[in-house]
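Next come two complexes, and both contain chain A; in the first it sits with chain B, in the second with chain C.
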Partner chain A sequence: MSKPLEILLLDDEVIVGKRLKPALGSIGCNVEVFQDPELAVKRIAEKDFDIVVTDIYMDGMDGLQVLELVHEKLPRTKVIMITGYAMISLAREAMEKGAFDFIAKPFKPDDLRAVIAKAAKALGFSIEFNPKSVRG
Partner chain B sequence: MPILILSSENKDLEQEIAEKIAKKLSYTTINEHFLNKIADKHLLERKKMWEAMHSTPSILKRMSPKLWHYSLSCVELEVLERLVEDRCVCWGLAAHLYVMIVSHVLKVRLIGRNDSCSQSDIVKMAPDKMKKYLARQERDREKWSMKAFNRKEAEPGLYDMVINLDQIQVDEAVNTLSMTMEYPRFKAMTYSKNNLMDHVLAARVKNALLVKSMTDIHVHTQNGRVVVTTSSVKREKSRKIETIKEIASHVKGIGYLEVHWNKDIITEAAISCR
Partner chain C sequence: MPGTDRPVLETKRNDNESGETTQAVYDHMADIHDAQKTLLSRKHFSVRNQIYLGNVLVFLFALVMVLVLTLNNNQVQKRLKFLEFVNDFSSEIQQARRYEKNYFLYGTNLNDAKENIHLAESIFTTKSEEFSELLGGQFARQEIFSKIGAYKTLLEQLYQRGQKDQNNFHVTPFSKEIELKLRGYGKEILTSAQTMITLEKKTLEKTLSRSRYIHIYSILILLVFLAINTYLLVSRLYSTLNRFAAYAKRIASGDFRPILPQRNFRDEFTDLAIAINEMIKEIDLREAVLIQTHKMKAIGTLTAGVAHEINNPLNNIMLTVHMLLEDYHELSEEEIMEMLKDVAAETDRSKKIIRNLLDFARESTSTMESFDLSILLKDTVHLLENQIRFSGIQVDLQFAENFPKIHGDAQKVQQVFVNLLLNALDASIKGSKIQVIGTLGDTGDSVKVSVIDYGQGIPKHVLPSVFDPFFTTKSKGKGTGLGLSVSQGIIAKHGGTLTVKSEEGRGSCFTITFPIINFPEIHTFSL
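The block that comes next holds the complex of A and B.
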């Protein structure tokens, strides 16, 4: 497939979007950034995204609700959860609800790029990504 | 697929269940026999290694606290390095005590069926004597796990699941566990893999410091950032911090390192009273 990967990035911290949009753009993804979950959900209703990257704790709606809404609309969309309040119970709940992956903040852009590349592969896309700093 | 860690006082049934699950899922296994390999690799006596895993340090057993802590640190390190390789059933190594917050590790306690222990000394015992023997064994294990990891090994809250083998047959337990391991909540994810890597890194640093006879150290790692907390008398502060930094700098995978120092008030007071 040659069309770019469509990604929606939702995080109420402006800096996260500012930092990650170019990081994902550099591997050929189209990224739309949202800080308000309500607006993000409206956009998800309008457009079919391949991947949704969402924070968990936000005002108004949490990332787990976003995850459920995304899967109701498009079960094939991969949802990646990011949070600064990672706990074993929350991580397990997110995975049980169908999250593709769960990442604790802070993380390096390469960590997210590696997960995006994995999700892209699962969706049948191919992304060129040479990790420099991914742990493992 | 998640890693499975079993813990039980009934070693025979624990082994039977572990091996059946490993076979069913094509997993590798790791158990007490691994202790000999660990001892050989770290140039420790095999007998001492087994002793360290089963009893607390004492002068009578000629096991110093330093050797005991170092032996346990070798076990922790080697088991964690093995768990990172994934697809593994682990038992008999108290590994659940050092991977508490790794979400893709399913931690299971097997209880009951004490009457089926094949240990020859138990089989020959009268029921009331056996009860006393098992209670003592449980107390010893509790003492060991408290001293080693500050946790009670048999505490149900440490496990994801407790299976009573008086009520559940071995094959039923095997089926239940293999099914549970397929739940998405136990799937490995970036967060849990990084958590496990943090444990590995902390174990490497701790082991490297203990082998150089460093004492009073606590190592914590988060997102690859290592924090070593130590204490000493004030006049040794700089030397101790520098030594820790020097030793840790050679550890595989080390990046950011911080050393926190606390004053050893008791030794300071003892020196000033002289």
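The block that comes next holds the complex of A and C.
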């Protein structure tokens, strides 16, 4: 593992960022957390991220727009959508627009870790991920 | 335990439907019951009775008329007979006098004169008793009798003497003397007969003209009476039918107050009023069920929003708890405390998300109270927060300063606004806005709240039917077509109106007008 996986996490829920930063850090990812989509988009323009994890419903800009912006800039970046409004139509739209995966809230840290591991594999990274948290 | 509230709600509804709903909608049931009792407690005077009474009166009047006319006719007949009698009598006398004259002039036979006077006497004897009243009493009759007698005696005398002395007896001085006397009596009898005839003719004319007047007046009186009777009957039917037409209109517009007694008697229309009140009761019950059904539908929509929104705090709790479990031993006490506080805060947030919906869903007996529409609208927008956020639409509330309170059932009014706002959200496109504007009515005794969206609008040909029950433009399964109809019903019960203006492609504006405070109380309201 030469280079850590660069991840941008965008969710207007503060706690999501607070909890997921260490959760993903523990599997060797470098996580930057944003609550404001505008700031996140700015950061994406500055830096190339391997993975972008974004909420769909946010004030100002929605996750699908972020997805489009990310792919415009760097098509290889994997975008993972998370949302509380888990509807099939929404998931389908996200996947059609090229999202890597779609996670419905509420999820456990391991659920995201598993998806991230899958994405890392697709990107050619390998991250050690053994689900260790208590199930259920 | 929020989860248990729904089933409780359902069972309550079922109880209500089985007969206890009497209190469900604005306490109309008690009013209807009162109205029915008052309607029945009045004196009975049916239309049928009025018709009967009119006919009986006409019949009695006609009967009296016939009696009077019959009596009058009898009198006429009697007088005619009397005239005939006097005529006969006087013609016999005249005949007798003619023969008598001939006798004196030419010495002809006296027998004919005798016969005539005899006939006259017999006519008078047989008939005079019958007409003694018309003759002017016994005295007058007696007088005529005596005169006839005297005449007869003179004739007899003349005859007897004439038999003895055949030749030219009629020119003797004796005869001349008798002739004078005879002439005197004859003249007197004829004169009194003539007088009687003249008098009698006058009286007969009077009686006849009286009969004519009786005819004319009685027919006039009868006509007037019939006219009055018809007028009373027609105006009674007409005004009552008009009143009932107005009731029907009122009920159709959703005003389910019962029909109250307006006259001080009871008739066939009372039965109709009672039947209509029963109908109102049924419609009211059904409306209550409709309102509840529609509310359930709205709750369903809102629940979907809440179910999604609740995922956010739930996710926060889940992530935090799992991280606690994972890293518990590596975390400092401070970090653990912070995470626990987060969990506590997020559970609180969940509760708040559900509480609004539960408040809205809770079925309470409808209570009339004074409330502030601007606060109600704020709460309503809060209740719809998830839907609003989900559709990416901004909702602006603009209420005038010191917005007056209105009187009514706040829960039901909120249901109306939930419905209007959900419709507006449905019609709007992402990124547009919805305005809720509260203003004072033009006359100052009402308030207006308009819900304006800039969405697709309502096509012109559809606009007149948007308030019809079960009318919907939404796809099958999405809309019940009850929302606006139920809303209009609720507003009508508050004495207000719900109107719509819309332009296809530009947006729609639904305006509700409420009367301020003086919500029409059933007891002070007279139909």
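In the analysis below, the second predicted complex is superposed on the first by the 130 of 136 C-alpha atoms of A that agree within 3 Å, B and C clash if a C-alpha of one lies under 4 Å from a C-alpha of the other, contacts with A are read in each partner's own complex, and residues count from 1 in each chain.
The criterion applied here is as follows: contacts are C-beta pairs under 8 Å (C-beta built on N, C-alpha and C of every residue); 3 or more make two chains touch, one makes a residue touch a chain.
Computed from a predicted model, the values in this text were never measured in an experiment.
For the composite obtained by overlaying on chain A, chain B and chain C can both be accommodated side by side without a clash. In the superposed model, A:Pro106 lies in contact with both chain B and chain C.
By the touch criterion stated above, A:Val66 is placed in contact with neither chain B nor chain C. Of the two partner chains placed around the shared chain by superposition, chain C is the only one that A:Tyr85 touches, whereas chain B remains out of contact. In the superposed model, A:Val115 lies in contact with chain B only, and not with chain C.
Contact with neither chain B nor chain C is seen for A:Leu8 once the two complexes are overlaid on the shared chain. By the touch criterion stated above, A:Ile56 is placed in contact with neither chain B nor chain C. Judged by the touch definition given at the top, the superposed model places A:Gly98 against chain B, while chain C stays out of reach. Applying the stated contact rule after C-alpha superposition, one finds that A:Pro22 touches chain C and leaves chain B untouched.
Between chain B and chain C, the shortest distance over C-alpha atoms in the superposed arrangement works out to 6 Å. With the contact threshold set out at the top, residues 86, 104, 106-107 of chain A are in contact with chain B in one structure and with chain C in the other. Taken together, the chain C residues at the contact with chain A in this complex read 308-312, 314-320, 322-323, 325-327, 339, 342, 346, 389-390, 392. Across the interface of their complex, chain C is touched by residues 13, 15-16, 18-20, 22-23, 26, 57, 62, 84-86, 104-110, 132-134 of chain A. Listed in rising order, the residues of chain B touching chain A in the complex are 101-103, 183-187, 189-194, 197, 223-224. In the complex of the two chains, the chain A residues touching chain B come out as 86, 88, 91-93, 95-96, 98-99, 101-104, 106-107, 111, 114-115, 135-136.
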